[in-house]
Amino acid sequence: MQAQSNPATATIPQPPHSGGRTANLLVPTGIAVLILWSWHGTRFDLVGLLGADGRAQMLAYASKLFPPDLSPDLLAKVVYWSLETFAISFMGTFLSVVVALALVFVSSRNLVFTGVLFEVDEAGRPIRIARVGLYVVSRAVLNLLRTVPHIVWALIFVFAVGLGPFPGVLALGLHTGGVLGKLFAEVVEDIETQPLEALQATGASRLQIFFYGVLPRVLPQFLAYSLYRWEVNIREAIILGYVGAGGLGQQIQIAISLFLESKLLTLILAIYLMVTLVDYLSAYLRRRLL
Amino acid sequence: MLPPNPSEAALPFSDRSKFLFPVLFWVCFAAAFVGSWQLAQVQPGLLFEAEGRRNMAKFVTGMFPPELSPDFLRFLVVPLFETIQISVMGTVLAIAIGFPLGLLGTASLAYTGILNDLEIAGSRARRFARTLPYVLARSVLSVFRCIPEFVWAFMFVRAVGLGPFTGVLAIGVSYGGMLGKVYSEILENLETQPSEALQATGASRWKILVYGMLPQALPQLVSYTLYRWECAVRASAILGFIGAGGLGQQIELSMRMFNFHEVVTLVLILFLLVAAVDFLSARARKAVG
Amino acid sequence: MWSEGAAEPVYRLEGLTKVFNGTLTAVNGVDLQINRAEKVAVIGPSGAGKTTLFRLLNLTVRLTSGRLWIAGRDVSDLRGARLREVRRKIGSVYQQHNLVPRLRVVHNVLAGRLGAWSLPQAVRSLVRPRGEDVRAAYHALSQVGIPEKLWARTDELSGGQQQRVAIARVLLQNPEVILADEPVSSVDPTLAHGIVRLLVDLCSAFHKTLVMNLHSVDLALAFFPRVIGFRDGQVVFDRSPAEISDDLLTDLYAGRITGVSVEESPDAAAEPVRSCTPILRS
């Protein structure tokens, strides 16, 4: 291959214009406007925070936190509260998995009315409408569970059954159940159809295809999402404590309202340890089981 | 190498160890389940007791009809805007905190792999100088993300008082920790060969990062950041409960006064907001991918 | 150091050794000298250590013991800016996956200048490359035969085209030495010939030194006046193609197919296979 002579005269291709000049500028400008508007609206004031005054206040507050109260009395209670929070997150996640599993198989299109399992469906119109209706209703339920913030659920259940960790379990269970249900349904809807077609070709019934084709494929992913959600739930369990659902969160609320700063740092340390522990457990289990 | 007698070839692990883990797992799980049932004072019966049922009925009937008067809706515009603004500024702050710390916390940039082999090999001091910022950055990120934003909010209230700015700081710090960790994981999981080739042209780590790694990681970085923004919208609603403004604060007020019909409207608006943000972020993710 | 009439060899290796993790010796006490504008092919069985040798020569991995001089300069302990300065003078072509897939071809070609640019210049080039840079990239792509791909996304190109982009990048870098590690092993055999010829011709035209690891013995014997046989981390022979017999090649590659070395095999007494060109990987 020889070096090209006179490259200057050859026409050099121009870069492709994707969407034109104006469209390219629109998005960054829109984002900049959004940020400026938010800056103004939230009264974002870094100077106030990090300026001499703000720093002095934060330092004064921080010094009140030290040293953390480490008396055996308190530590014993903190251990109990930590376990309580762990329990809320554990039971809450467990309940959410139950809720999600209960709803997922009627919330997945390809198991209710469409897809390879229903291609040669001979059922009449009323049954088909009923199926679609079932799908729509269960999806709506999942949506409802998801949308209502867990803290609102917690308030509702505190209202219904009183203060304590149990309303926290219920709130987490329902709210996360909605979240997991949607994620599970997406997993089911995304599975490959070829293995199912193959099973169908051997004459398997829908139920058999479900047990031998669908379940083995989706269960590992369900487990992964559930473990991941547990990491989120340990944090949520703490927030729920604020509205009376027990655990470390409730103690934080008490400590702050009673100005017990030294106790506060102990609680924060306990929270940090608890969250790190669950994060680690969840990652470990995901590695071992999947 | 094949053993002389194939039937004597040892299995990679003994039968016993394969049996041990599942047993151990189920024992732990059962113990955790029973223990948690006790500690969380799970009493399903409470839901069905007379008082529980009465309260639930009061709640459900109080919800309908939802409060949809124009006055109330107009009143909600400011809290709605506040929630959006808190989520946006919170995410921006999270990026400002998470991105630099995430870069420092990326092992393949700091002290491992071919980007660092020649620079630090043979010198403990140099290796330490490279590892230290990495460890510090990772620790800071860990503290930021393992303390829930609600606790951060409580602490910031002391410094800046109630209001949306507290919400922004709380979300910014805790989400900054999450973003930083995920950013560093994304960068560490990139293919190393392009970086190796760029290094061979004499480029420094900075140039390799900017020219080779970031363009390649961009879709994943943007995708996760947008996902965090969606979470931030929900989080800012919740932080409103402790006085950080926005829709959450309104929900708390309405619940305290047992105005359930207002709560329904607020939750509905929150739902629409989250759906809109979901939609926008899905579009954005497609555009960058 | 790199001037035309310099007497020092481009590469001088003395007892060069690389041990990974304290146990795996990939390169074992290699003594070698490569002079300016030489063209050298390195052949040998897989796992012989050719890639490690390549990475030692282009200063990607650090030697464990021995000495390495590049253009008369001891590079065994080089770091920082001086290390990068030497790397700029060495161009590398890899087997595959060494371009940034999401970038456009022009950016990957211009990456050859990354060593010379400052960070702001690099960022600017990503956002909007300078006209003169674009022209230079176009020129380089013309030399490798794919000028029309200037603005295409790199991951849309075929394997052979990507290799040519990698060569264009090296052209833009304009180094003194070009090292290539099995540049055509992942490419269609029909294109392999053209790519090796391209590299050899370019190096001849611009008086550059070329060292190429090759899987195909045929290509090595056809294009290179000096062929080094490499096995188990050591130089087995270092000759011109005319002096390389089939026996020599057999010994070099022998025993690699079954995983048992020639001495240990019970069939060692039998006659080794006469013509022994390894099957080309397609």
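Labels for the chains are A, B and C, by order of writing; each one numbers its residues from 1.
Methods note: a contact is a pair of C-beta atoms (placed from the backbone, for glycine too) under 8 Å apart; a residue touches a chain by one contact, two chains touch by 3 or more.
Being a predicted model, the structure only gives us computed values, none of them experimental.
> Just to be sure I understand: the centre of a chain is the mean of its C-alpha atoms, right? Then which chain's centre is nearest the mean of all of them?
B
> Which pairing of chains accounts for the highest number of C-beta contacts?
A-B
> Taking the mean of the CA coordinates per chain, how far is chain A from chain B in Å?
Distance between chain centres, rounded to whole Å: 8 Å.
> Find the geometric centre of each of chain A and chain C from their Cα atoms only, then give the gap between the two centres in Å, rounded to an integer.
49
> Distance from the CA centroid of chain B to that of chain C, rounded to the nearest Å?
Roughly 44 Å separates the two chain centres.
> Which part of chain A faces chain C closely enough to touch in the complex?
Against chain C, chain A makes touches at 1, 3-4, 7-8, 10, 12-16.
> Report the residues of chain B in contact with chain C in the complex, numbered from low to high.
Contacts found on chain B: 1, 114, 117-119, 121-122, 191, 193-194, 196-204, 206-208, 210-212, 215-216, 218-219.
> Which chain A residues qualify as touching chain B in the complex?
The touching residues are 27, 34-35, 37-39, 41-45, 48-49, 54, 57-58, 61, 83-84, 86-88, 90-91, 94, 143, 147-152, 155-156, 159-162, 164-166, 168-170, 235-236, 238-239, 242-243, 246, 249, 252, 256, 268, 271-272, 275-276, 279, 288-289.
> Which of the residues in chain C end up touching chain B in this complex?
For this pair, the touching residues of chain C are 58-62, 77-80, 83-92, 94, 96-103, 107, 111-117, 119, 122-123, 126, 166, 169, 173, 259.
> How about chain C: which of its residues touch chain A in the complex?
Touching chain A from chain C are residues 104, 134-135, 138-139, 142-145, 147-148, 150-151, 197-198, 201-202, 205.
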